[in-house]
Amino acid sequence: MNMSKIAFVGLGNMGGPMAANLVRAGHEVYVFYLSEAALKQAVDAGAIAAPSAKEAAKGADIMITMLPAGIQVTSVLVTGDALLDEIAKSCLVIDCSTIDAGSARELSKAAADRGIEFVDAPVSGGTAGAAAGTLAFMVGGSTDGFAKAQPILACMGKNIFHAGDAGAGQVAKACNNMLLAIHMAGTAEALNMGVNNGLDPKVLSEIMLNSSGRNWSLEMYNPVPGVQKAVPSSNDYQGGFMIDLMCKDLGLAMDASQASRSPVPMGSAARGLFNLHQSQGNGVLDFSSVYKLYQKR
Amino acid sequence: MNMSKIAFVGLGNMGGPMAANLVRAGHEVYVFYLSEAALKQAVDAGAIAAPSAKEAAKGADIMITMLPAGIQVTSVLVTGDALLDEIAKSCLVIDCSTIDAGSARELSKAAADRGIEFVDAPVSGGTAGAAAGTLAFMVGGSTDGFAKAQPILACMGKNIFHAGDAGAGQVAKACNNMLLAIHMAGTAEALNMGVNNGLDPKVLSEIMLNSSGRNWSLEMYNPVPGVQKAVPSSNDYQGGFMIDLMCKDLGLAMDASQASRSPVPMGSAARGLFNLHQSQGNGVLDFSSVYKLYQKR
Amino acid sequence: MNMSKIAFVGLGNMGGPMAANLVRAGHEVYVFYLSEAALKQAVDAGAIAAPSAKEAAKGADIMITMLPAGIQVTSVLVTGDALLDEIAKSCLVIDCSTIDAGSARELSKAAADRGIEFVDAPVSGGTAGAAAGTLAFMVGGSTDGFAKAQPILACMGKNIFHAGDAGAGQVAKACNNMLLAIHMAGTAEALNMGVNNGLDPKVLSEIMLNSSGRNWSLEMYNPVPGVQKAVPSSNDYQGGFMIDLMCKDLGLAMDASQASRSPVPMGSAARGLFNLHQSQGNGVLDFSSVYKLYQKR
Amino acid sequence: MNMSKIAFVGLGNMGGPMAANLVRAGHEVYVFYLSEAALKQAVDAGAIAAPSAKEAAKGADIMITMLPAGIQVTSVLVTGDALLDEIAKSCLVIDCSTIDAGSARELSKAAADRGIEFVDAPVSGGTAGAAAGTLAFMVGGSTDGFAKAQPILACMGKNIFHAGDAGAGQVAKACNNMLLAIHMAGTAEALNMGVNNGLDPKVLSEIMLNSSGRNWSLEMYNPVPGVQKAVPSSNDYQGGFMIDLMCKDLGLAMDASQASRSPVPMGSAARGLFNLHQSQGNGVLDFSSVYKLYQKR
């Protein structure tokens, strides 16, 4: 693999460790972010701080954005800093943010209009995966764009999937996380009904794991405290994937369903439950805490 | 293992092959059922036809019932044939029917009142599992009852779980099948949204299988025609587990939720969808055909 | 109207004042119930206490049952006291209990088998309506049965509807109360979203009352404290129609949907919410308190 | 009332008759729209065609927009034609489009930044109400803005509500139409369950109208063919309020819920059903046709 000059914009809980892994892989990484503390941490990890997004992007081979929502990515690339007008045509833009598919498609088009390759590459795996370099990337873009992005993404993650054309990465993530929300809520609900009927949640979990009820939430992330070690439910639902973020992702799934006229009654039901739980003051707990919504008081 | 004299009442699509497997294992199996054809098939497999349930039960070490609903099991054991008043105290009663947990608990009590051991042991695995002897059994009853039932059930199945006390087998099955309905509907819904956005269902399935969306429906029973071979969706949704049966099981889950005051919003949402699909004339299709409910026309 | 000899079995919160209204209308009312206190209250109101249901029923022209569930009504009429075998063929049986339609149909058949007329006549209107004699009755049974029941029911209520054949009264009540649950939850949800967006719930209620959102919950029973006077929401959700009872009625609606293979996704969603709210310890509050489930904390 | 010079942009099925009613009330109405046919119709009704939105807006006292979505209104007022930079500070801008509350608030702010008064005033009442001048308007904006808009809106409608500050009109409409979707689906579901149990839908409707199930859908817009005359259900679900438009409005409700973190499980369930029905090819039918989704086939 060749060493690249990479501009990295957005150093939040995910972006910080991702940039550090790029440095570790031998790349020259220019970073920009509004938070001084985050910038300092990246510099400590070997990145080079830039005074602005524009400066970070100068001469970059690869530009990566990792920002909270579509409006910020659009601002950086098109309407605000407008970096698509600054970077070289040969620079590949990789947006790792989780945003709506519609915005991703528009950004891809805006890039193509300027002769620039753009891929959407949202991640899954959480902050632990970002630190360990074991993230999964779901990539939307041309075969060529995917081929170029693949070795870069491989410095930060383990599973790199080519989901399809522009926007397909965001669609794949919306589908996956909606399905995750559905089976997590379903798992919490089934286990709670078992417990209310006197069953031991460990025994019931074991039975369903070996039957047709098996799913990732039950297997890797049991929502009932004490059934598994080293999962958020056994740590007061601290850490993991916050209810607030799941609610954000379910909002994006609603957008995707609306834009493509796809009925999502199960995803909607799950969203209703996670939103109720969020409203009851649990936004910063891990998403498996939806189990608490069900429990008898 | 010792050879037992077994009375087997109920020779439907499941009961027939189950009785045959008991014969194959060396037991002396006395069968009774209202259908002449089913009786003949059992006799061809080596069972001995009895002229009545009462005659089948005479001198039995083990009595197995495999009937459509709680009302029939109760009739055979208590209110009609009243076999609990005919069999020896030493005879173990195993009810393999899928019925409501409340009835199972009442039957267990009625048996205990007469000094007889009763276990509820509903199965999963379908007609294919019944024929192959690879069913899973979820057993509710005393430790002693489970210990006695285990070697008998092992002649018909592979995974024999002790779910808990009386009724716990039925509760475990209701929980498992409710969760199955939830992730099947969720999987169909997520894949449909992906397809509507231009994604290849094989690619999206592969991505979600390797991500947090993974579940049994996606892995073993993909609902989109052509993604997997040898599953009902690739065979016009023929065979498999009928919508009508899933609707029955979701009704039992609603009963269990009502009796134990357990909220089941996700199970209720799934039930709504399977019922809509059933109403639209698809009761005899495999339950993965819920995918058709979602498809654009 | 002629004076009748009426046997009244079941003197709970509803039955007590109903029996008193029959006395007030000039009938001779023989009452039986297991609670001494309730019996005494009825006697104070002018009823005659009977030492058993059987004694109450002796020589009755009309027999009324007002009991918690189908199993009790069946016990009194058929399997336990078996009053259908005691009363005269000319005695009209009116069951005012809210039970499942299936049981109501079986009771009607059991009565018809003995040449006795039976109508199911569940009520709506709550304890206030029972005391004031302004209940609504939804009656299932023959035209003849309805004609005979009508003047008796008119002593206890204002609106007496003939819903259809045997069981139709119970079906009508299940449909009505399911729809009530749906629009109450929907109203609470819409008002909460308005409030979260800074709207005054009084203003928003007024707008929707004059638009297509209008419904009974919004008009007569606003779930937001302070919008209307003299409703449970403005009295800490005390009084009114308890969450526990709404959950019972939604369970009956699920039974009706299951028995008739009728999809009820909206009713199921409402049931999920009322059950969640019940699980969180609000079973004895008025059902409009579902608004609290939605509120931000 | 004084005669005003009004610019009217957007002459669709609703905008056309609304503009005509302004002409009828004596105002001087300058219209612009991309459809030649619609322009001609407006001119026939007495409006004056302008060659561009900018020309229509010249010297206007009042500017009204009636467009399909927030993006078009924003384009006309700010980013494209940018009429907020063309009109006089004294010109009141009334947006009658149904758009998301967020966009409405941004437009209000963009106007205020230029010293211009803006109100959001989405309508309900459909094309029939637009033609008859009996629309309802839900207005968001300052007391002053509402006072100025009121007499103009009164030329086109009957009920003019001041919902609150900027965006409140859109929020009120989203709440109302979500609640409408909920009780329409609930009404269809309850009536279908009654019909499946042998009840006459007219009788059941009458009972629920006189009980706590009463709601606007049941009273004004019964979804079962033949129960009421002169409603879409009795005319093959032609005319009325299209499924496609209800799905659009439910999408806006999801946006409002997301932006304000308001759980909307019932609205989500309704949206799932209307989306399923839309997917099955019924987008252009009246929204009461959701009854067909439930019917047995």
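As written, the chain order gives the labels A, B, C and D, with residue 1 at the start of each chain.
By our rule, a residue touches a chain if its C-beta (ideal position, glycine included) is under 8 Å from a C-beta of that chain, and two chains touch if they have at least 3 such contacts.
Keep in mind the model is a prediction, meaning the values are calculated, not measured.
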Number of steps on the shortest touching-chain route linking chain A and chain C: 1
Copy pair chain B, chain D: interface residue numbering same or different (half cut): same
Between B-C and A-B, the pair with more C-beta contacts: A-B
Chain whose Cα centroid lies at the greatest distance from that of chain C: A
Chain A-chain B separation of Cα centroids, rounded to whole Å: 39
Whole-Å gap separating chain B and chain D, where each centre is the average of the chain's CA atoms: 51
Mean-CA-position distance for chain C and chain B (Å): 37
Two or more partner chains touched - positions in chain B: 257, 261-266, 269, 272-273, 276, 279, 294, 296
Touch list for chain A against partner chain B, complex: 101, 124, 136, 138, 159, 161-165, 167-168, 171-172, 174-180, 182-183, 185-187, 189-194, 196-200, 203-204, 206-208, 210-221, 253, 256-257, 260-267, 269-270, 272-273, 294, 296
Chain B contact footprint on chain C (complex, rising order): 247, 251, 254, 257-258, 261-266, 268-269, 271-273, 275-276, 278-279
Of all residues in chain A, those that touch chain C in their complex: 265, 269, 272, 276, 279-281, 293-297
